[in-house]
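Mind looking over this structure? Questions follow.
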Amino acid sequence: MTRGFYIGRFQPYHNGHHRVVEQIATEVDELVVGIGSAGDSHSTRNPFTAGERIMMITKSLVDFDLVTYAVPIEDLDRNAVWVSHVQSMSPNFDVAYSNNPLVIRLFDEAGIEVRQSPMFERDVLEGTEIRRRMAEGGDWRELVPKPVADVIDEIDGVDRIQKVSDTDAGDTPAE
Amino acid sequence: MTRGFYIGRFQPYHNGHHRVVEQIATEVDELVVGIGSAGDSHSTRNPFTAGERIMMITKSLVDFDLVTYAVPIEDLDRNAVWVSHVQSMSPNFDVAYSNNPLVIRLFDEAGIEVRQSPMFERDVLEGTEIRRRMAEGGDWRELVPKPVADVIDEIDGVDRIQKVSDTDAGDTPAE
Amino acid sequence: MTRGFYIGRFQPYHNGHHRVVEQIATEVDELVVGIGSAGDSHSTRNPFTAGERIMMITKSLVDFDLVTYAVPIEDLDRNAVWVSHVQSMSPNFDVAYSNNPLVIRLFDEAGIEVRQSPMFERDVLEGTEIRRRMAEGGDWRELVPKPVADVIDEIDGVDRIQKVSDTDAGDTPAE
Amino acid sequence: MTRGFYIGRFQPYHNGHHRVVEQIATEVDELVVGIGSAGDSHSTRNPFTAGERIMMITKSLVDFDLVTYAVPIEDLDRNAVWVSHVQSMSPNFDVAYSNNPLVIRLFDEAGIEVRQSPMFERDVLEGTEIRRRMAEGGDWRELVPKPVADVIDEIDGVDRIQKVSDTDAGDTPAE
Amino acid sequence: MTRGFYIGRFQPYHNGHHRVVEQIATEVDELVVGIGSAGDSHSTRNPFTAGERIMMITKSLVDFDLVTYAVPIEDLDRNAVWVSHVQSMSPNFDVAYSNNPLVIRLFDEAGIEVRQSPMFERDVLEGTEIRRRMAEGGDWRELVPKPVADVIDEIDGVDRIQKVSDTDAGDTPAE
Amino acid sequence: MTRGFYIGRFQPYHNGHHRVVEQIATEVDELVVGIGSAGDSHSTRNPFTAGERIMMITKSLVDFDLVTYAVPIEDLDRNAVWVSHVQSMSPNFDVAYSNNPLVIRLFDEAGIEVRQSPMFERDVLEGTEIRRRMAEGGDWRELVPKPVADVIDEIDGVDRIQKVSDTDAGDTPAE
């Protein structure tokens, strides 16, 4: 039995992520999807809560022939303990999937196998692009699985992103 | 569609919890199992990591005819924001299940429906009792679902509890 | 112009505190009332939120011929920086009032004048005693100023304390 | 009786804020002025401590026919629990005043009435503009109430801002 | 070249610790002395600051023929990441010395060699005993190296412990 | 006996720092080297852990005729308590050395003597410049003491910086 670990912020979970998971599914029996920056929400870069992202991922993966776990991972803001933190929050895994150079280096230093996932650039671009389209009223539905669009509609997510985008960057709620 | 939320520390997940879930399953379509004090581990009161507890719960519930989510909830150490914290980490839920008077009061103040789960006293007693039996070499296997015993064996959990129990109460690792 | 600083948790603000303030009022022109452990609430030892305690204090002092500031002070859990923390949160003050030996020592080490407030033992005893009476349904109204009783009634505070008291000591909401 | 809540960072409290308070005073009986990012100070964006800002606000509002509370609110860095945090730190309020779209959205999601305050753009511009004038030796006194200028003079605030402005952006004290 | 790591709280550094270091000195070329709970001070259990403990240790070891590093380690309050935290704060080490069962288990799980240090029980007892003697005015000087007594005298440490001991257990400064 | 305190991030410790220490050595008997942002590592701005920086500094200063202490200082992210935090982590000192205007102002407000260290601009420039050269494969060895280059080689530090530089600015490990 092989269990993989795939980390991202999934703001939101989109087709690029989905294709990566399809690829990983051919290599592992079980997959932990680690939801990074789980404590962040209602910001331009992290509009959705961890709970909302769990819903997006679980509903999108429901028909996959793959045991999956969607696990929120709060930031500790300490790169040096990040791998240990992830390991304590996640079911035990054999291999991590990432294209983020820092993540690769951190797992390397901890002696954990990392495989690069395909289609990385697309993956990164789409997150930013989808949020931009939402903020500007463009068409974003084609870029995400149907269940993700349903979650976003249910929470009036486009309005949230537009409100957040009107706020000065770096502002806390308190001005 | 009704979604319930059941909160506990699940140190470990045991037969008492399992019977509560069986009961809740008759009332809801989906259930979020919130794993409290998710950042704690390797202590007398909280021996198992969040990842280990996710395994215990997911493997124990696999044959249930109920969509379940096992969601780790880290402590914020602020009762006044605890309900908001839980709501942001969890898929949206309609009703919370608890017998803890503080939890009931906090959900009450936030205007969220709480139902008392059956068999509470047994529930509380068993957590402490199981950890005591593990620490003292007694028989604990009869008190937990089979997949939980497997997880504990795999991580050599009994030895961990015994080591932790030999350490002075309240000690951080640093003595 | 002399400004004093009087620190406490005020759970709740009671007649003992009130008599101390009456005494301090003869010595200073303005008084900062620092509300300690401001982030704690809904626990046996700290049942009331900072906002509720601000109300208790402000309403009780409204007829005093003394400019007062009720300032919540969150715990930093670092005794060594506590005085600096207090100084940054409070309007500048000339003298601190306390009977707590640790507080006295910390201000001493920082070179700030501390005066012992009268009636200390009574002060400490009453906080615990009032909460005990509330938890057990005894008579507590005679021990607090009238506006404090009003605040407690408005938030159904006695019920909150009774709920909290039924919960195991040291429990976070998550059990 | 109606109590309002007006949130800002007040770095410093200036004439724009003052006019907003004058307007709010016509709508409420009591006003809580929430001082955001209360733990920050000695930076370009947040030069003044919470205690200094309490002084500015309290002294400026002393002649208003309005019961006011100046309450420091420390950042929790979690938008999802921010409203609960504010509610626990503040006396209970009926309506919040803000022009910040994120704040409006957060109160909206929590079911709390928010009213837009007048003169928002001016409000925002003045904070930055006043700090820029201080940093560059320009005339800032005309933009703040007289008691604010007194507080700033007393703490040698212009020098502080100039020192802070000479430091690389984003630097902690440790470089 | 072999480097060892010896962890303790050193409240204060005493003859028991000193004999352990003498023993370790026969096995390693360099020794990192990790000062645990470095952020704590001015409490019954942790009276001395990290800086004061660095002085005690460095001055006591000055004549040893051993390269030593005294490194403060702040608590992260997460056992699962504690080893990574220690490793990031300390020069790289080959072997850890401890008799604390939890510390041994944590290093074991991380795959790091741990050796039990001799004289453990004595070690533990002396810390508590020395603080008790200080609090009660007994003779503690015979139990610590001469430079430790000098540091304690210089900061008036006995008075600090007596003040702290008079304060209710568990109290933050704010009551 | 005079003890000085010299604060920096030392990412890495380089020849500019070394010349400052040479200068300070003529004025004090002992020197505490405070390693700021000690909890940060594996980022573009803070690539090296506190433990690695302790090694760089200690090995570089070994032949100096000066008692030195290399003390990691974790960020508290509160300028107002920063001086108290530093004082609690460091052996007691008589004079602080810095050219950072914020640091100078903070020590000034706390009544502690600060002396400007020579060669400041060079000092700042070199840290950024050395990291840039490492990231781009340029020659950085001439800019650091020999023991620093050895530490960096041992941990494969150039590769770490290059990995970190390829990661989007501001990213936590979780994307």
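Think of it as A, B, C, D, E and F in the order they're written, each chain with its own count starting at 1.
Everything below uses one rule, namely that a residue touches a chain if its C-beta (ideal position, glycine included) is under 8 Å from a C-beta of that chain, and two chains touch if they have at least 3 such contacts.
Predicted model, so just to flag it, every value in this text is computed and none were measured.
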item	value
Labels of chains that are neighbours to chain A and to chain D	B, F
Interface numbering overlap (same over half, different under half) for chain B and chain D	same
Superposing rotation of chain B relative to chain C, computed on C-alpha atoms, to nearest 5°	120
Centroid spacing, where centroids are CA-atom means, of chain B and chain F in whole angstrom	44
Whole-Å separation of chain centres (CA-atom averages), chain D against chain F	35
Junction residues of chain D, two or more chains touched	39, 41, 49, 78, 80, 87-88
Pairwise chain contacts, counting only pairs that touch as defined	A-B, A-D, A-E, A-F, B-C, B-D, B-E, C-D, C-E, C-F, D-F, E-F
Partner chain E, residues of chain A touching it in the complex	76, 78, 80-81, 83-85, 87-88
Partner chain F, residues of chain E touching it in the complex	38-39, 41, 49-52, 54-55, 58, 69-72, 74, 87-92
Interfacial residue positions of chain A with respect to chain F in the complex	7-9, 34, 36-37, 73, 75, 77-80, 82, 100-106, 124, 127
Of chain B, residues touching chain E in the complex	39-43, 49, 159-160, 163-164, 166-168, 171-175
